[in-house]
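Shared between the two complexes below is chain A, which pairs with chain B and chain C, respectively.
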Partner chain A sequence: MSVALRIVSVMQQIAKDQQITLPPLSDDVLLHETGFDSLAFAILVVRLEDDLGIDPFTISEDADFPLTMGDFIKAYENVLA
Partner chain B sequence: MSSREIFALRAYLGPELKGRTISDARQVWSLTNILEQTCLVGRFGELSGRSVLLAVADQLISAIAMTEIDGVARRMLLCPPDLNVDHVKALIEDAEIDAVVTDQPARWADAGVHLVVADSTPARSAAKSKTEHATDWLMLTSGTSGVPKIVRHTLEGLTGAIAADGPARGAAPVWATFYDIRRYGGLQIFLRAIIGGGSMVLTEPGETIADHVARLKARGVTHISGTPSHWRKLLMSGSASGFSPRYVRLSGEIADQAVLDGLSRTFPAASIGHAYASTEAGVGFAVNDGLEGFPANMVGVNRDGVEMKVEDGSLRIRSTRAAHAYVGRNAAALTDSDGFVDTGDMIELRRDRYYFVGRRGGVINIGGLKVHPEEIETVINRHAEVRMSRARSRRSPITGSIVVADVILADGCDVSRSDDVRNKILADCRASLAPHKVPAMIKFVSSLDITAAGKLARHDA
Partner chain C sequence: MQTMNAGVINPSTDSPLRLGGRPSPAKSWLKAIELTSRIEADPRRLFADLVEDWAKRQPDRPALIAEAETFSYRALAERINRYARWALSAGIEAGDTVCLVMPSRPDYLAAWLGITKVGGVVALINTRLVGLSLAHCVNVADAGHVILANDLADVFEAALPHLNRAPKIWTHGSHGNEASIDAALDRTDGSPLSPAERRGVTINDRALLIYTSGTTGAPKAASISHRRILNWGGWFAGLTDASPEDRLYDCLPVHHSVGGIVAPCSMLNAGASVVLSDKFSASTFWQDIVRQDCTLFQYIGELCRYLLKAPPSEYESRHRLRLACGNGLRGDIWEAFQARFAIPRILEFYAATEGNFSLYNVEGKPGAIGRIPPLLAHRFPAAIVRVDMDSGKPVRTEDGLCIPCACGEVGEAIGRIGTGDDGGGRFEGYTDAGETEKKILRDVLAKGDAWFRTGDLLRLDEAGFFHFVDRVGDTFRWKGENVATSEVHEAVADCPGVVEAAIYGVAIPGADGRAGMAAVVVDDAFDLAEFRKRLWRRLPAYAWPVMVRFCTALDTTNTFKQKKQQLAREGFDSRLVTDPLFYLDAKSGGYRPIDADSYKRILNGSLRL
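After this line comes the complex of A and B, so read on.
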């Protein structure tokens, strides 16, 4: 499974647990439009760290805060590439 | 004061009670004849009136040395085996130590204090040590970091709960504990064995649980104590079969219903009690009704010299069994102006019982909200598929902290069911806990760290 697909699948699982209704997750969707609050993002980052072995936002202190789904996925792809 | 009026351990060690022993995995000593033995090779006279640090690695030799030093020295500071070397200098200064009893003389050669070397094979003593002083017993708190605090007890205070409970019914008890006897919880059991006319089985460093339990069975242990973490470890080991103590005691951590029920299933013939005690406040009380928490009517009354109150959510104890003071140059006050010790243990009243919710200093911060990890663990532990758990916070720089839980599954729980178990635990957490306390993630692990004091290790607290 690609990194992008994994991220989307973990998001869907969290959305289900947290009772969040996700919009279609295209690259240009703004993160704040996903319905994820800070708790849901915290869970996402921690689960992805366990799943992929990295937390790109810890590795790079000055990483730009991602604004869109595309930025978020790229942050993971850049570290794993 | 005549020596008869001074309360010292040797008064309980006469030759009249036969067959008493103290043992570890390597040696068995007669307690009946212990006063004829010395591990100080007759040098206890040199310790008269001194402030003595008892720094003997071996627990059995420490125990014998305690019986020789009590009533002779002015002070005796009990040194647990894991004492950090970096803290020694500060402790020697704070406790005004001027003599060290040790089995590792090289380690103390530069300490600038009088050294008495303890012999690892006690010998028959020509001279008997006599009670001259009421010795202060100094103990170290089991704090997580920094120099431990020194608290000052008297033997009378340390044994207050033992006197209140009265002698054990039936045959003389054979006591054991998972604690080291240089810690408050372990010392209580050692003193119970000495004062109650019984025997004592000590732990052995590095021994497997299976070997330890085999030894408990072989020595006929009837009474045994440990922390809930110690007990969960024993239940998990599968080694308990054939071991049938009469009394099982828990202390030092919150005893939740799950561990109490697990012990009563494993030891159906035993009475099971959980005790509240701390190095500072002494033994507060024991609860023997098989339920977690304690009856609310225990608060506010003076029972055997122990009074409790609740202030700002924490349990406060005023007691004849409490330590007298912290010792040292910058020692803080041990009690408030009314003589109550703030235990730092947070409790909550539900119907007619108080329940422990966690340590004041142990809260984890989740999005600005305070969470006691123990409260979450209690909900997780009540599932039959769970043996033990630890809740903790995990941080991520852009997103704040979340609660994650590490869970050890009970024996016989099929690992392939872990998804079901996870969902079941999470559903229960959602139903029982505020949303920010529900673990964001449950991780199944095969072990959790236990500290030297027998408590679940909490790295983020």
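After this line comes the complex of A and C, so read on.
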């Protein structure tokens, strides 16, 4: 499964557990429009850390957190590439 | 790379929660967010309820340990209920204030947890206060009742004439008289409270008053809600990854938010144990840590510095510590401290008692006070804005807005005020609405927005880590306390023979913060010994001027503000300053002249202030 698909599938699982209704997850959707709160994002980053073996935000040298779904997926792809 | 774990994880062999014995930063954050996100769901669940739940699950595990007494979880839960019922029987209504004037011991926590459980508000009074400054704090609380350690009865009596109202005094630690709270507690029942007894208290209600000197004058009473206590406990339980097996050593003052709430509540939240010591001693610190088998300790930067200066102890690396948590450990000693004492992990944080945001250095980067967690960045309420260092005021553009600092630029840290779910943090303010307003900065990034002023100068680096620089303007830190120059100024100016005075802090090499210096213009009525005596009666020890400079006149600006910046820059260099200079001799307790020799000894650290 591609990284993008894995991220989306983990998000769908969390949305189900947390009773969040996700919009269609296209690349240009803003992360704050996903309905994910801090807890949901924290669960997401930790699940992906367990799943993919990385947390791209902790190891990054700059402080920027992605704003869109596309940037979020790219952050993982860049480290794994 | 900022962490040792990222990128080397093998998901098939590493347990999901622990990596090499410690959680990854993302997992630390998750645990803290999980613990704190439950708080709003049940607004009637207070911190005392978490203690009662642990008492059911592990009644015999020690909760609070000290020389004075040790409480198991069961004993603590019962004691809390006794204090709650005492408050009801004493006629303390929801919202009424009780002053607590007691040294650090387990019963101190039981007292405030119990009284606040039924809606009382507890003002945590510094036991080092005397005279007018003690009276000021009791007056601000407008308390009808005071719980007073028997040993402090004389000190309190001296403050009585200055009180606005006469509170009912309950003595703690003496069974002999009718005002004994111990006897009153013995007559109450420690079983769980009925819903009626709980009087519908929620997390929105005020629980504590904690005094802070901040940037704007005399001590102010910051309002602390039950929500805040639960949040502090939850964040720190999560970020320290606390478990029931942990035991934390806390020798910080319990009337402060860190020593009194953050440290104990982080552990009680997780069913762990806390060792309370009523004072810090560099010579017995490591022995205590080993003897009590502690796995964590709570520090302030000054404590770390004293430990590092102390001669080696045979106990200093024989401990079982896994973490030191605290604030103020600076970059110049961080690595030496961590290496010499073999401390596996350091969790440095930044927060203010009344502040509306906090920072955590979960990654353990030496010298940094914290980092905006990337996964919370989109809604993180902190910013740094440019300030005029002489006036201490934020710089504004032509259209009236503040100027966010660039990366690496020093400015004042501020926190957007909101309710949490709107990208801001709650600011609960002080008992004095005027003082509350003084801490609010408006029209910052947009017209109509409101931010909390921390009074702290910070700098953000390129990797997103914050670094502490100094306090803005007048207030400075000394021996771990913020010293408000206005309060010292009042005391100094009241002394006979003082015509004019300016109070400011001067940097001393190798010491944290700044030492208080009083520049005074005096007349014939002045007597140095009398001056010292009066200040001792009026000010807490950390606020005593460490140095005195006798000037013939004090320069003022054209708006009649004192030119303190210049005086502070001149410091205490006896080669540059021709005015007579004195320092406070720690040994004799008196002021002595600074000459070439004592100046040299202050600089090389052989003369300690």
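Some observations on this one:
Throughout what follows, the second predicted complex is superposed on the first by the 79 of 81 C-alpha atoms of A that agree within 3 Å, B and C clash if a C-alpha of one lies under 4 Å from a C-alpha of the other, contacts with A are read in each partner's own complex, and residues count from 1 in each chain.
To be clear about the criterion, a residue touches a chain if its C-beta (ideal position, glycine included) is under 8 Å from a C-beta of that chain, and two chains touch if they have at least 3 such contacts.
Note that the structure is predicted; figures quoted are calculated from it, not measured.
Touched residues of chain A were counted for both chain B and chain C, and C has more of them.
Of the two partner chains placed by the overlay, only chain B lies in contact with A:D17; chain C stays clear of it. Once chain A of one complex is fitted onto chain A of the other, the partner contacts of A:G53 are limited to chain C, with no touch recorded for chain B. Once the two complexes are overlaid on the shared chain, A:F65 sits against chain B and chain C alike. Look at A:L31: by the touch rule set out above, it reaches chain C but stays clear of chain B.
Residues 38-39, 41-43, 45-46, 49-50, 55, 57-58, 61, 65 of chain A contact both chain B in one complex and chain C in the other. Those residues of chain B that touch chain A in the complex are listed here as 367, 394, 396-402, 404, 426, 436, 440-441, 443. Contacts from chain A toward chain B in the complex involve residues 17, 38-39, 41-43, 45-47, 49-50, 55, 57-58, 61, 65. Of all residues in chain C, only 1-3, 6-7, 9-11, 16, 24-27, 29-30, 33-34, 37, 363, 371-372, 374-379, 421, 460, 462-464 touch chain A in the complex they form.
By the touch criterion stated above, chain A contacts chain C in their complex at residues 31-32, 37-39, 41-46, 49-51, 53-55, 57-65, 67, 79.
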